[in-house]
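What follows is a group of structures, each given as structure tokens.
Each of the two complexes below includes subunit A, the first together with subunit B, the second together with subunit C.
== the complex of A and B ==
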């Protein structure tokens, strides 16, 4: 027991005295969460657009007014001629242009049909699609207002509702993603590096030829990063609730229990990495290539798994983060309980046991 | 009971394309309370033997026992009772002197206070810096701290792999004094060193080269077995002298050795006068030829030079 305590004290000295690494360990989740939560979001706000109003009548004025008042668009310039449209795009300042045909109101009132053209800069296809959706929605909304006044015989009105994330906030995907990534990175990479460091320095040789049991060495290496991971979970949850305004719908206890299980899974993966690498660089490379890439690419955090080729879909099943992100999304955002996520929890548990078994099998009691 | 027993130990490593034999059929034993030295240059196989005995490596062939326990089957028992200081022993650079010593004391189930008298002589010099980080110590100080850490748990048998490499002469002497005190307390010590001058401080030594033991005996016996007259030759142009001596027909061996060249002759002592005349003819100034007592290093050079049995067969 005294051995374990002394070893833990030593580990905390290592971590606390390396101020720069400590700052990264504790600061990284905060920075990542804020960047993904605020700066990098799929939402489009205040996009610069150009308006070419060839009609200049009451209706177009009202529509333009509606567009201007929405938080999505900012009218950068008003054009007079069709030729100016392309030029305006080439300056790179505008993302979309809205062109009204001549005699817009007349055509609408008498021919029951008027044309408005929405042109978007599709160098960024997602953004272009979003802008067109927004613009169409605004125009449709205006049209709906018109229709209410003079009733049409047959209309189908669609009523959409965005469940669980009504404001389509980016934070709803970034919080589970950042948790999946940060916890894996800190638990697995830092644990493996700190174990391999002992090998590289030659101190492992002494630790092996000492009465200290090898599993005690591993436990002492794992506990500090377990604690740091818990601190990170707390900061991420506090930030996401109070700063990003993301409520925890489900049971906090269930969320914490599954997070602890995920941390265990990551720690055991870290131990596994330490048994197959002899240098800190190798451990870092394996962690980054073996963890970061799959988490970002295959966990469903950045790209939807359903859109992937079959082989990648199969591969994604082996990424622990995928299951964890499903759990967090379910518990945190949808508010589902144990009955819906027991399968994912079981998979994480199985992975943990698997990693630990291989580690134990591969752990070298000799050099 | 013998403290250490090795029987026909062979250890090979797979290198690129070839197999390197690091330990080649080595057998020796160390008595209880003995200070036994493995003497040899880098690559002689010293570290491999240490690692086999401390249960860190498995030998390809042969048996080894430490304090009666087999190194393979009873490795756990051995790990509890031996003390080991690896060659590339490095401390935790970001821990202070005191924290390092305290850590290693606790790992070995003891405290600094309990065995303070064992390390007192060396640790006393470190005490003014005990709150300093190990990484900020000078090279010699680091080594002293490492020595203290290896000794702190007063083991029954101590394995020291090149403990004095990179240590200043004063600290080396202090260290060997400390080994003598440990030995007086009944601790068996197996030490390796590339320094020949440290060899004579051991009770018995094994001279090693290329994984083989050239000779095992007490230092005086090894010197006695030299069996030839040894001469120290000196002149003003030492480089030319070495070339000239090696071309001299009756030269059996000649090595540069500190300030002099150490020389043995094939027909001794008849040719000594011939040598004097030969050197005169080669225009060397202030030539002195003195008969001297051989040292361990002379014996080692001689053993290295004598052909191995294999070469005789060829």
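== the complex of A and C ==
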């Protein structure tokens, strides 16, 4: 026990001495959480569009006015010719264009039918679809205003309740995702690097010939980072609740217990990486190049897992962040308890044990 | 010049000596480029829904049929009560609850008006918004059909109607992969280039070999160039392999000119590697460099416009993206590959990225001290 304490003191000295790393380790989650909590919102705001008004009559003027007043579109008035619009699409200046036919008002009033075309830049199909939806809704709304006098029979009205997140805040999706990502990447990176560093610099030999048991050496390396992760969790939770306005509907204790388990999982994954790599660079490549995109894309944070092809749905099960994100969403936002998330907790536990077993098997006492 | 060649030889030898790293910087991007773009789909087509039908009438059954036949929705279950359906939402089994009140059919026929109640799991606001929009359009069609059944059509078409048509340029099939592949490729090239360069000089510092370089007659710019060129080649190789894979796997090849693409990527890599080397010079240990690299990479990636469009961010975040080199690469790649933009269309991108290249490399040369 005394040996362990001595080793721990050594590790803490190492960490506390390096102020810059410590600053990054503790400050980084704060910056990231704030940027992503505020910057990444699902709603579309202010897309630049062009309007080709071939009619220039009262009706089109009213519709354009309506479009201008919506919070979604910013009309670029300088674009008035077909060729200009094409060019503006290519340089990325506008995301959509709305084209009114000639004699719009006449056609609408006398033939009861007038045409408007919405052209969207479908490089981003998702955004294109949203913009088309918004623009159509505005035009339909104008039309409904015209037809108000004759109310339609057999109308079904709908009432909608947005569960858990009535204001549709983006933070409700991004915070659990960012938590899953930051904790996993930082923990895995920190432990793998700090172990591999001793290998690379040759000091590992000194540690291994000391009377400490090898696994105690590893434990003493992991504990300080575990504590740093706990500090991070505390700041993340405080910021989420008090700055980003997220609720903690369920039990705080359950949330903390599952987070601790998740950190263990990430730390043991870090140990596993350290047994595979000999240089810090290799450890970094695995933990950043190898993990960053898969964690972002397969954890259900950026894209819903249900829509993925089967193989990727299977693969996503191996990403610990996926399970943690489900737990955080459940406990924080939905307020569900142990009986609904025990399966996810069990999976995280199993992963932790699995990572540790492989690491122990691969761990070499001799270099 | 000869000095530079010797230095380059040293760097290349060191890179090719470490087989594990060499394998990783090619294998990891290849695997990810093959697999990950398939994960990226916002197409919402499998929205699961639970029905709470208190009416059990012919009309309510028809309505449920409309939902299942639409292609967007998948029936999860018939729940007996709202609470039971809510339980399904809590278990993540269902995304949308459709509650049909008792007397739905009677009121619709007799009073011309009836009500439907939706509740959507809105943790992901985007999915919820789409689900409700689809559901509403189904209801609209449904009541139009009833109207057509009960009223003769002519009266309806007498109402002035604006016909809205829409067309999707550059990607008419709305293929999301076309959008995501150039972006993922841009990110992978960035990760490889930045991670390799940011650890390089600091490694020499940590191991102590930097002192040998410092005492040898090498100019500062020669030193930086010798560190930059090998990774520049590696980056372009990863990019080329990426282009081949995007063609084989996704049938994607640039509509615009390849040369403009390479020119842009070439300048971009100089800028990026300059930033990496600057990190490397600034950091005292590899560990520090790594954390700094991690910090910038994650922000660059998430504020690069790959996953969430930059236009949707608040103003302050949009300003931040102006100093994010990754943003320009992702944009340029998309414009080249999908829209076939020309060099002239991309002139601002070229201008900005060239400025980045000068600033970062200038700072790197300036900050590199030949003393310890």
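The working rule: the second predicted complex is superposed on the first by the 256 of 367 C-alpha atoms of A that agree within 3 Å, B and C clash if a C-alpha of one lies under 4 Å from a C-alpha of the other, contacts with A are read in each partner's own complex, and residues count from 1 in each chain.
Everything that follows uses one rule, which is that a contact is a pair of C-beta atoms (placed from the backbone, for glycine too) under 8 Å apart; a residue touches a chain by one contact, two chains touch by 3 or more.
The structure presented is a predicted model; accordingly, all values stated were derived computationally and were not measured.
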Touching partner for A:201 - first (subunit B), second (subunit C), both, neither: both
Contacts of A:69 with subunit B and subunit C, given as first, second, both or neither: neither
Which superposed partner A:212 touches (first subunit B, second subunit C, both, neither): first
Which superposed partner A:18 touches (first subunit B, second subunit C, both, neither): both
First, second, both or neither for A:157, with subunit B first and subunit C second: second
Subunit B versus subunit C as contact partner of A:6, first or second or both or neither: first
Contacts of A:114 with subunit B and subunit C, given as first, second, both or neither: second
Which of subunit B and subunit C A:296 touches, first, second, both or neither: second
More subunit A residues in contact [subunit B versus subunit C]: C
Partner chain(s) touched by A:334 [first = subunit B, second = subunit C, both, neither]: second
Where subunit A meets both subunit C and subunit B, residue numbers: 18, 201
In the complex with subunit C, residue positions of subunit A that touch it: 18, 20-21, 24-25, 28, 31-32, 35-36, 38-48, 87, 89-92, 95, 108-109, 112-129, 132-133, 135-136, 139-140, 142-143, 146-147, 150, 152-166, 168-170, 172-173, 181, 185-186, 189, 193-194, 197, 200-201, 277-282, 284-286, 288-290, 292-294, 296-298, 302-304, 306-309, 311-312, 315-316, 326, 329-330, 333-334, 336, 340
Residue numbers on subunit A that touch subunit B, as the complex places them: 2-3, 6-7, 10, 13-14, 17-18, 201-203, 205-212, 365-367
Subunit A partner contacts - residues on subunit C that touch it in the complex: 18, 20-21, 24-25, 28-29, 32, 35-36, 38-46, 48, 86, 89-92, 108, 112-129, 132-133, 135-136, 139, 142-143, 146-147, 150-151, 157-172, 174-176, 178-179, 184, 187-188, 191-192, 195-196, 199, 203, 206-207, 283-288, 290-295, 297-299, 301-303, 307-309, 311-314, 316-317, 320, 331, 334-335, 338-342, 345
Subunit B - residues contacting subunit A, complex: 51, 54-58, 75, 79-80, 82, 84-86, 88-92, 94-95, 99, 102-104, 106-109
